[in-house]
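Shared chain: subunit A. Partners: subunit B in the first complex, subunit C in the second.
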Partner chain A sequence: MATQHSRSAACMMMAPAVVLLLGWMLVPLIMTLFFSFKKYLPLRGDSLSDGLEWVGFLNYERFISSGSFWPSVQTTLIIVLSVLIITVTLGVLLALLLDQPMWGQGVVRILVIAPFFVMPTVSALVWKNMFMDPINGILAHLWKFFGAEPVLWLSEASLPSIIIIVSWQWLPFATLILLTAIQSLDSEQLEASEIDGAPKLKRFWHIILPHLSRSITIVILIQTIFVLAVFAEIFVTTGGAFGTKTLTYLIFQRVLDSQNIGLGSAGGVYAIILANIVAIFLMRIVGKNLDA
Partner chain B sequence: MARAVTNQRKAMNTFFAWALGLLIFFPILWTILTSFKTEAQAISDPPIFFFFDWTLENYKAVLERSDYAKFLWNSIFIAGGSTLLGIIIAVPAAWSMAFVPSKRTKDILLWMLSTKMLPAVGVLYPIYLICIELGVLDSRIALVFILMLINLPIIVWMLYTYFKEIPVDILEAARMDGASLRDEIIHVLTPMAIPGIASTVLLNVILAWNEAFWTLNLTAADAAPLTAFIASYSSPEGLFFAKLSAASTMAIAPILIMGWFSQKQLVRGLTFGAVK
Partner chain C sequence: MGRFVLDKVSKSFGDAQVIPPLDLTIEDGEFTVFVGPSGCGKSTLLRLIAGLEDVTSGTVNIDGKEMTDVPPAKRGLSMVFQSYALYPHMSVRKNIAFPLRMAKMDKAEIKKRVEDAASVLNLTDYLDRRPGQLSGGQRQRVAIGRAIVREPSAFLFDEPLSNLDAALRVGMRLEISEMHKRLATTMIYVTHDQVEAMTMADKIVVLQAGVIEQVGSPLELYRSPRNTFVAGFIGSPKMNLLKGAEAEKHGATTIGIRPEHISISHESGMWEGVVGVSEHLGSDSFFHVQCDAFEHPLTVRATGEVELNYGAKIFLTPDLAHLHKFDADGLRL
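For the complex of A and B:
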């Protein structure tokens, strides 16, 4: 049993981490909330020292009623959902394949995981120039090879382009986690079903997929949180043009480009609420796991 | 018993897995190959795969850009500094949670995790403003602190899951022998915790190295790391594919290598111990 002495020592040891994170969370959050109720346009002479005008929920109303709000929500949802569907489906298939006996498994694993370690600005730029460039990109060469007209990826198929880039970055994550989960599946159970003569598809549907369900949920939740916040990929490729303005990017533009802090902060509060809805589900799963 | 597999089946698996693996890896492979071409060969139609005049010109050109070393140093400083600071703060916290758990431990862990969910853009301006007020906008110190705070929950969680696996009996025995808390940490715990700490450091350096929201938004000329350096290539003039590739290869190579070593830890760290 822990003594009183070690208890208080434990509290002391936890204190720096807890205090720092508490400050990191609360201070900016309270400031964002504060600004969201104020008219704050630094470029038009508003400043903190002169005091800011209280405008109630005006910023919240204006952020929602602005012409770019709903399109940005739609763009965000399309990107998140598409990336999830692509990465989870391909991730399950890839994990199943990688779990099979083969030569050079370790090397293939390394090849598949690699994109996850590429910094977002690099992957965005490489895709934008060397693959999606309509004249010199690999995809343009490929299209021409088959006699098709090269696609103007980032202007005419901008949303699919972003989805391709982000999916490429996150497929390794999904695959890696699902592969880890598959490998923990009891092989005796699988063998038993094999001996019973259960067809492959049935085995996948009734044994493997249920076993993976928890890992799939975790992949979905974690990716949702990160993909909701996708930034560099858009910043580098389209700069929010051609219908690729996500909620994150819209808020970024309001705050740093047009310097409308009040409006941007109200948007920030919406983004925080959105992320929290996802986070609650993730925390439940992780919390349950902590008890086990 | 392993399932009996025919060689034919194994060959099929191998073929498909390698094909898909190479397809996924292709953008990286292509970047590395292009970095050794001349600018003219880099955009040649049809594309050249291996049979070009291998050259190191592009690397020389990128390295000769007077500021490359500065971007690299900033990346190393920010990723290394934030990791080091994070470890120093997280080790005691994770230690106490793992070995002196209380009723609140679980709540504290989950709460820490929840701070990670806060969308960065929601607090962009306050952080921006605080940096200006403190005079640390576009400074490495600010980014060291911010990236440390962003990754602190992951560091604490990872360390916690590793420390949890250290058998408590050993600590009890040390305590019986009259070891003080300090002795316990230095002589008993640390040697056993080193592998866990090492993997945590590895993953955290990777995450900090690749972070591209705060590094893009809070830096300009002085503190910009490689993420920003690469982003500066987004409005190109003239021929630049080969140089872009060389710069990209240099920016991702160290992390790719570190990443391959930390595959297993990655799963644990990024799922907060929920998948092992």
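For the complex of A and C:
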């Protein structure tokens, strides 16, 4: 039914949405680029109405030569990679578990998905005050119960703590996507492999895991996008201290703490470049699963 | 080897008993077909033999060994599924090799066996394709290839031809029969199509609601069906089952006469009737004839191209030597 006429009509009708979305993305991007080449310190009297001084690549040079830059890139990548490994591994296992017929299946599934509906700020606060608090936290009580010295989670094991919190938030997402994938597996395939002599572990490895590969790819791509920009969890727990300063957090500090919009904008452009490098690597590694 | 003895095997899902206790023996090398209408428990029975379902009571013996609680992988059987159940992410070669890889067979031996199977099944050119790139008939062949490389003690087929078109089905039917003659391995084949059952089987097991109605060779079932269900199920077109005064003349509640055992005459005969719909197949012609003596129309076969007009008045005479008589419970007299 796709005639020339209906196709041009479709273009016309989609145009407003496309233009709006394009504007929505292009305007901030161009503004960021614009500020990154300017000296813009609002507290020192710089303002848009007076006109900003053009400084060339000075902001870029200053951002990258700062001692915090490379550690922050490293922290970001460690968090993203760890969260991906934890959520995908546990997500597959949880999905397998939830696929088993059991009493109260519906309720259990809703409970498993629940953390995804908790706002990042709230869940980070809950973890900070109720679980990881060295005096009142549940984990501290657990440690004490076994006679161990409570861990000062957010200062001594700060990066693992952030990784645990973020993983806890994203695990339901991975589980949910992988569970639906497992449910779409043809049971005759499993039975065939059972008759073909594959024990449980080999059935998982040769049949279930390849079947899940496409969904795992989706989970990895979507989570990478969001975890690269993780912010609230760090803001309400460590505040970027103890080696938990990610690139996003560094940009936030440059713009708001140092009140240097030009420098922060240059950092924003670096963040875009980093995200694209990660995206290219990911598409190379897992993107081929999306074909066919 | 592949001799199966089912002893008082039954299966229930919750409170619903789908297979009441039944006994069945399948001899080594036999081509046995389970046939029955859909929902009669024939697939369940096959899955009990395969070990994919646990029996609720009774025992399954294979080659004299008790196998009731043995997992499917250890029973030495191969199964071909209705959906073929090929592994979509593996090439044809890997699909066929899968059971051998699981058995940790030597690589060279696997390669040889896979290539032998592929050449027998005309799959050599397709070995490196994925199942998704094959036609229905080719997928069917891959599924059979995966079954034969293991050299199992028996093959189990669960309605393997029902997803193929009519022409391909006839071809594959022949190929499976030839394979059975060549390998002389026990085969158990589930189908709802009585033509498949009649053409392929050494032994047919007719099932209804989980109960075995009759076991016998195709011609035994054709010649002397044990009850009205088997009489109506085996043979195409169906046997005419007639009730009423005519049946009582022969001392039965129901009489059965196959379409091919009725002769047509324009002048005289036992029953007078009016021709309804005619079906011409070239080699045969089938007529639906409404007789005064019976409530339902009779199906009559005439050999060759016979023209009878709609509404024509004719006379029918059954061949009394082939008349089947059944009592009030539907059992053969």
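Convention: the second predicted complex is superposed on the first by the 260 of 292 C-alpha atoms of A that agree within 3 Å, B and C clash if a C-alpha of one lies under 4 Å from a C-alpha of the other, contacts with A are read in each partner's own complex, and residues count from 1 in each chain.
Convention: a contact is a pair of C-beta atoms (placed from the backbone, for glycine too) under 8 Å apart; a residue touches a chain by one contact, two chains touch by 3 or more.
Owing to the predicted nature of the structure, the values given are computational and were not obtained by experimental measurement.
> Both complexes share subunit A, so when I overlay them there, do subunit B and subunit C fit or clash?
Once both complexes are aligned on subunit A, subunit B and subunit C fit side by side.
> Going by the contact rule set out at the top, does A:Ser258 touch subunit B (first), subunit C (second), both, or neither?
Touch partners of A:Ser258: none, neither subunit B nor subunit C.
> Could you tell me if A:Leu228 is touching subunit B, subunit C, both of them or neither one (first, second, both, neither)?
In the superposed model, A:Leu228 contacts subunit B only, not subunit C.
> Now for A:Pro210: first (subunit B), second (subunit C), both, or neither, which partner does it touch?
A:Pro210: touches subunit C, not subunit B.
> Subunit A residues in contact: does subunit B have more, or subunit C?
B
> Report for A:Asp196: first if it touches subunit B alone, second if subunit C alone, otherwise both or neither.
In the superposed model, A:Asp196 contacts subunit C only, not subunit B.
> Mind working out whether A:Thr89 is in touch with subunit B, subunit C, both or neither, as first, second, both or neither?
Neither: A:Thr89 stays clear of subunit B and subunit C.
> With both complexes overlaid on chain A, does A:Val18 touch subunit B (first), subunit C (second), both or neither?
first
> Can you report the vertex angle at subunit A, computed from the C-alpha centres of the three chains with subunit B and subunit C as the arms, to the nearest 10 degrees?
So the angle at the centre of subunit A is 80 degrees.
> Please work out how little space separates the C-alpha atoms of subunit B and subunit C at their nearest point after superposition, in whole Å.
So the smallest C-alpha gap separating subunit B from subunit C comes to 5 Å.
> Once the two structures are superposed, pull the subunit A residues common to the subunit B and subunit C interfaces.
Residues 191, 194 of subunit A touch both subunit B and subunit C.
> Please output the residues of subunit B touching subunit A within their complex, sorted ascending.
1-3, 5, 10, 13-14, 16-18, 20-22, 24-25, 27-28, 30-31, 34, 43, 45-47, 89-90, 92-93, 95-97, 99-100, 102, 106, 108-110, 112-115, 117-130, 149, 152-153, 156, 181, 206, 209-210, 212-213, 216-217, 226-228, 230-231, 233-234, 236, 240-241, 244-245, 248, 251-252, 255-256, 258-260, 263, 266-267, 270-276
> Touching residues of subunit C toward subunit A in the complex: what are they?
Against subunit A, the touching part of subunit C is residues 50-52, 71-73, 77-79, 81-83, 85-90, 98-99, 102-103, 130, 132, 146, 150.
> Quick check on the complex: what are the subunit A residues that touch subunit C?
These residues of subunit A touch subunit C: 186, 188-189, 191-199, 202, 206-207, 210-211, 213, 292.
> Could you list, by residue number, the parts of subunit A that touch subunit B in their complex?
Listed in rising order, the residues are 2, 6-7, 9-11, 13-14, 16-18, 20-21, 24-25, 27-29, 31-32, 35, 94, 97-98, 100-105, 107-123, 125-131, 136, 138, 141, 144-145, 168, 171-173, 176-177, 180-181, 184, 187, 191, 194, 214-215, 218, 222, 225, 228-229, 231-232, 235-237, 248, 251-252, 255-256, 261, 264-265, 268-269, 271-272, 274-276, 278-279, 282-283, 285-287, 289-291.
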